[in-house]
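There are structures below to look over.
Common to both upcoming complexes is subunit A, partnered first by subunit B, then by subunit C.
Up next is the complex of A and B:
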């Protein structure tokens, strides 16, 4: 009962804050969506460690914190933007600070009749009925998705028309920083921000989306990000997501991806830092011959927990899904992987493969992994494989016998382990950035 | 250059080397032969500082300095090189990157300037060519998917690049066909200089047809029981190890 009260109080507190921000919101339609979701949020059963979903990644850590909902009223003058941009990465950029779109650092694509790249607030202002209709259409079914819906007031909107190829990748940056809001001095554990992204790729269109999550070194905050992604017939989306939040951050992402016939979704989920991180990826095949290739790599250090939940639903015949996730865990870090593939009876000729490889660098590291295949069709090709291992002492001896220090040997072997995932990132600036970040993270550790 | 004094070594609590003595001077090539389980590989691993080889007695001096307190990489910095019998595969680690890291770490330890990428690529390519190692292998991951012969040639390539003072070749001839053996032997012969000492560990006399040693030692039950010149190897080939075992017993 204590847990129930804790959850209800935690949600109520944030919703109360949201209501006070609503005064600035002049969209009646959006208010309607908010209030419906706010009611829904309070109806969810209590989340506990007894539920499989929260068995390893404890929800009480989040509910213990007293987060303050960030309002749009923020001071941007103290931000040094160049700290956060990757040099010479040429993109159409959408920049969000504390959940709110900022025009001054964004360089979106010029909107024309078929294609729109911008922010949710603008989209709602420009085409309220259309946007609200598409938002109301979303089925959340999960507390934090509904919470996102209950609180959202911004996010990225990317709508690519039919037969369109975007010249440059679209980059979305989410920067979260405490102390930008004009809050009173009330005690809190940092801000909480909620973004809702709506992405649709038209028939036969192709694009690349890069998402980067950034925080300030010692800031504690809770970022709740939700994306609805739709690929129309024959659409192709490459999606690279690099999470480099602050060390103390709480991060929750949910992605609902629906794919029409012959569409192809390819993504890399990279995660560093964050004290507590959970990513839910949901793929729903709605048309035949669609395919998805989802890769992931995370480095999980002391006092950190990184959790990936993947759910792929083969509802129609002849779709291909391939997931490959790797983690490097050290200190008292914990990596959780839950990969579920459902192949429905009618989904004949499905090809589903799931792989999860984990490398533990220290005795105290922990990996909890659960690959699940649920197959009802009888003519399919499905496989899954999981490994958990340590660095081989003979490899280390070999490298040291050639003069390499222990640290260098660890670094090369870990980079070698990660390479299989990183090399799939076609944007060279991003893959280099990820490798560099991995080296920096490892070189800070002492593995003797 | 190398002095091994009364060396006893245990592996997993079992005594493998038992009061071994050996003296190797610069410019010399020594062959160490012996039957299976006599302690040949343990000797090689002990010299390189493998953690599983626990020295219970004796000492190893390289240029009058004890190696026993040095970590594996620091022994490499002092000029010791071990070409392994079974070179391990390093998945995802590019061969060229590995050699660059290795070469530069040794140069750094000597206070020498690190090679820049271009110098290094040229040097490695040139050396690979001399050893008839396919250049494509430089672009692949270290030893991953290499044939037995390619792995051994890759070892000799590293040895040539690192220019060790003391090179130990642990059964480098095992698993090689005659052509590969010849290439490896030529490589090793190129590396024989008046300043460098080489220890060849081998089962068979065959390798010694191509690399002629100055001294041959017979290792049995963790001890050197007989030393001689290359004639000894020929005698062993003819009479087998039992000839010495029986002789020692009598």
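Up next is the complex of A and C:
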């Protein structure tokens, strides 16, 4: 099997590089975690399109590339920081360049008592045992989660103590840039970076987290981001993720969210650009009366593939989950949505809703969607709905007859379509930014 | 007339042979082949049926392919491995197995069900596998129907007969919709199919009556590897009923049937199924495994295929009646009611492949889970690049009765054309206490109330069934739901 060999070689190459970086790592415990995950990575079966997970997404595209593991040595002087920050957005900022935390542009919260906002490296240095213990509890049952574990050496650590309200949103920026310090002649297709974020919100605490993924326009890289998020009893988290990677980027995100009693998780996943992107969201209800509200919106054009996999597990009674994802697809873009809701036998009085709407604008676009319900309890309210269609010719005609150009009419209708998701972003600066970005993206398109 | 005589003779012969069910040697003349599957067995089946070489070659090709395939595992069902070498692949038609001698020997539960369905005594005998007087058969309605069908030019006969008499037609169409290599069970069927139904409706003919396997029930017991082929030529219409509402016992546990439909320009095929095979006992022991491949090809422009199914029996149902909408403006429909109770499992749904322009498809699936039943809808809607202005609407509703059952929905939607419009919606609910209270308050018993609400839930599908079938299906549903509440 050529594929099997290709996958094994690809993984081996990256892991070999990681071993040479390890010399700088002085934590024996971390080394142990690394080597365990490195073994695990090699044990996974070959990923093929026959597996449900990869049915619509071409993993070959990723394995065809020859990525170099980022060493973390970056010359920060070459970076124009102001290109990347949103003006007048006041946040506690954690800034990662090529997967490594940079103090220079970060403005974290002053650590006190039980609250800690910082990076994984520091956290491991300060409290090695505690951090390693929590890391080794993570259950990776997917190749790229284990790969993340095998290679991680940094990420965001946000630990909010009980009954705490953070005054400002916490912003995490991941910037990936090629060729900063890579003067070697080795042939490669860009860097690969792996971040592991650990977020836990204490009993009754509230906070907002904004994550932004940024890349230089033509850089090619593979960013593998994994977050473990835990909401304790009555905790509330608002989570906004805006993905504005480069046009050639490969992006893979996995989020494992566990929720205790009465906790509330609310998020918006916005995705632009990137050649290949896959986001896995797993929600696991562990306490009754918890709720989650997950919205998503993506614009998929050119040769892009954007793939959202959502898996919500109702293990306990009386939880509420609502997912709503929308996509605008044009060019040769391909939008993939796979939503799965599982309601276990004991999870009576669950309320689960899954909605997916897709707008196809051009002939070569493709939408593949798979909204699934797996229900073992009888006293539940579960539904899912999917639509795929185009802009209504009557609406277009209405606008044209009032003197709007075709392009403007298209743009307005697309904005209207997206607004249902964007308006849910409470952080005004972010929603404005997303709308602006959407207008820019649509402007580049020629809708005859 | 010749045909009828032959049939009658055949039936009589079969009935005479019926006494020799047991202890046969394995000579080629024997009525039952010993368990096991190899090329030899296939040669023997083919020889017994006196088939032309092309059929034998086709069977062998399928068998060789089958050896390389493995049992599909993706379905949401659980069952122990099937020992394919433990099955006998040929037993002479008409030998329903260890049939009872008279109604007194039939399971009283079964008789009870017959009576509730209002099935006449003679028919009850037929259904429970009792050797029925040949006279009954020869004067039956079936014979009269055959006459008028012949006048209309409709060919309606067993597949074996068609292979002998209409070899060209069979050769042209068999395997053209479901190729022998299609899937594990279809491949097995292609290798060992014993009989089935063949229907050919000539150009412009509106078939004068509803065709039903029921009329052929005594003529040939088609066994576990049934193959049906229906061809509707330009501008023709046919409505075909498969199965019947009466519970049916069968000694074979594995059923792997294949159904192929071909609709030419402006042709309309309506295929209705009521399946009520033995679901096994309370522990789920011994029920029928129903692994069926059903597919219709709308080859012609404006052709129309509609599948309606009421599935209440079988321990496991694995079945996806599909439509390939190749012709422009062709229409595919799928209406389904699937009930699972006890330990029954159903993984059923449809595939709608839109290839032609302006094609339309409708999917209405109603799943009812009772007791420990597991009910899964699995469907695919694919709009290919060429399918301009294609349209699909899918609705999957599940009703859960009891807290041990499950209802699952796994729809796949693939759209490659921007002018296509696809809608999918699914809901899961139970009968609310308010609904029950309302009905009971007005004097209905709890059971009647549940039955009434469930019938309302399924109405959209029942109205697609031919008239008398619909009435029977409703009755069947209430019987199936008996004891589901309380």
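FYI, the second predicted complex is superposed on the first by the 446 of 448 C-alpha atoms of A that agree within 3 Å, B and C clash if a C-alpha of one lies under 4 Å from a C-alpha of the other, contacts with A are read in each partner's own complex, and residues count from 1 in each chain.
Assume a contact is a pair of C-beta atoms (placed from the backbone, for glycine too) under 8 Å apart; a residue touches a chain by one contact, two chains touch by 3 or more.
Values in this document were obtained by computation on a predicted structure and should not be read as measured data.
Considered on the superposed subunit A, subunit B and subunit C are sterically compatible, since they fit side by side.
After overlaying the two complexes on the shared chain, residue contacts for A:275 are found with neither subunit B nor subunit C.
By the touch criterion stated above, A:401 is placed in contact with subunit B alone, subunit C being left untouched.
In the superposed model, more residues of subunit A are touched by C than by the other of subunit B and subunit C. Of the two partner chains placed by the overlay, neither subunit B nor subunit C lies in contact with A:42.
By the touch criterion defined above, A:416 reaches subunit B but does not reach subunit C. Once the two complexes are laid over each other on the shared chain, residue contacts for A:85 go to neither subunit B nor subunit C.
Nearest C-alpha atoms belonging to subunit B and subunit C sit 15 Å apart in the superposition, given in whole angstrom.
Touching subunit B in their complex are the following residues of subunit A: 392-395, 397-406, 408, 412-413, 415-420. Listing the residues of subunit C that touch subunit A in their complex gives 74, 76, 383, 385, 398, 400-430. Interface residues of subunit B facing subunit A in the complex, by the touch rule stated above, are 48-51, 71-73, 75-77, 81-82, 84, 87-88, 90-93, 97-98, 101-103, 105-106, 109, 141, 158, 162.
The part of subunit A that touches subunit C in the complex is made up of residues 52, 56, 345, 348, 358, 360-363, 365-390.
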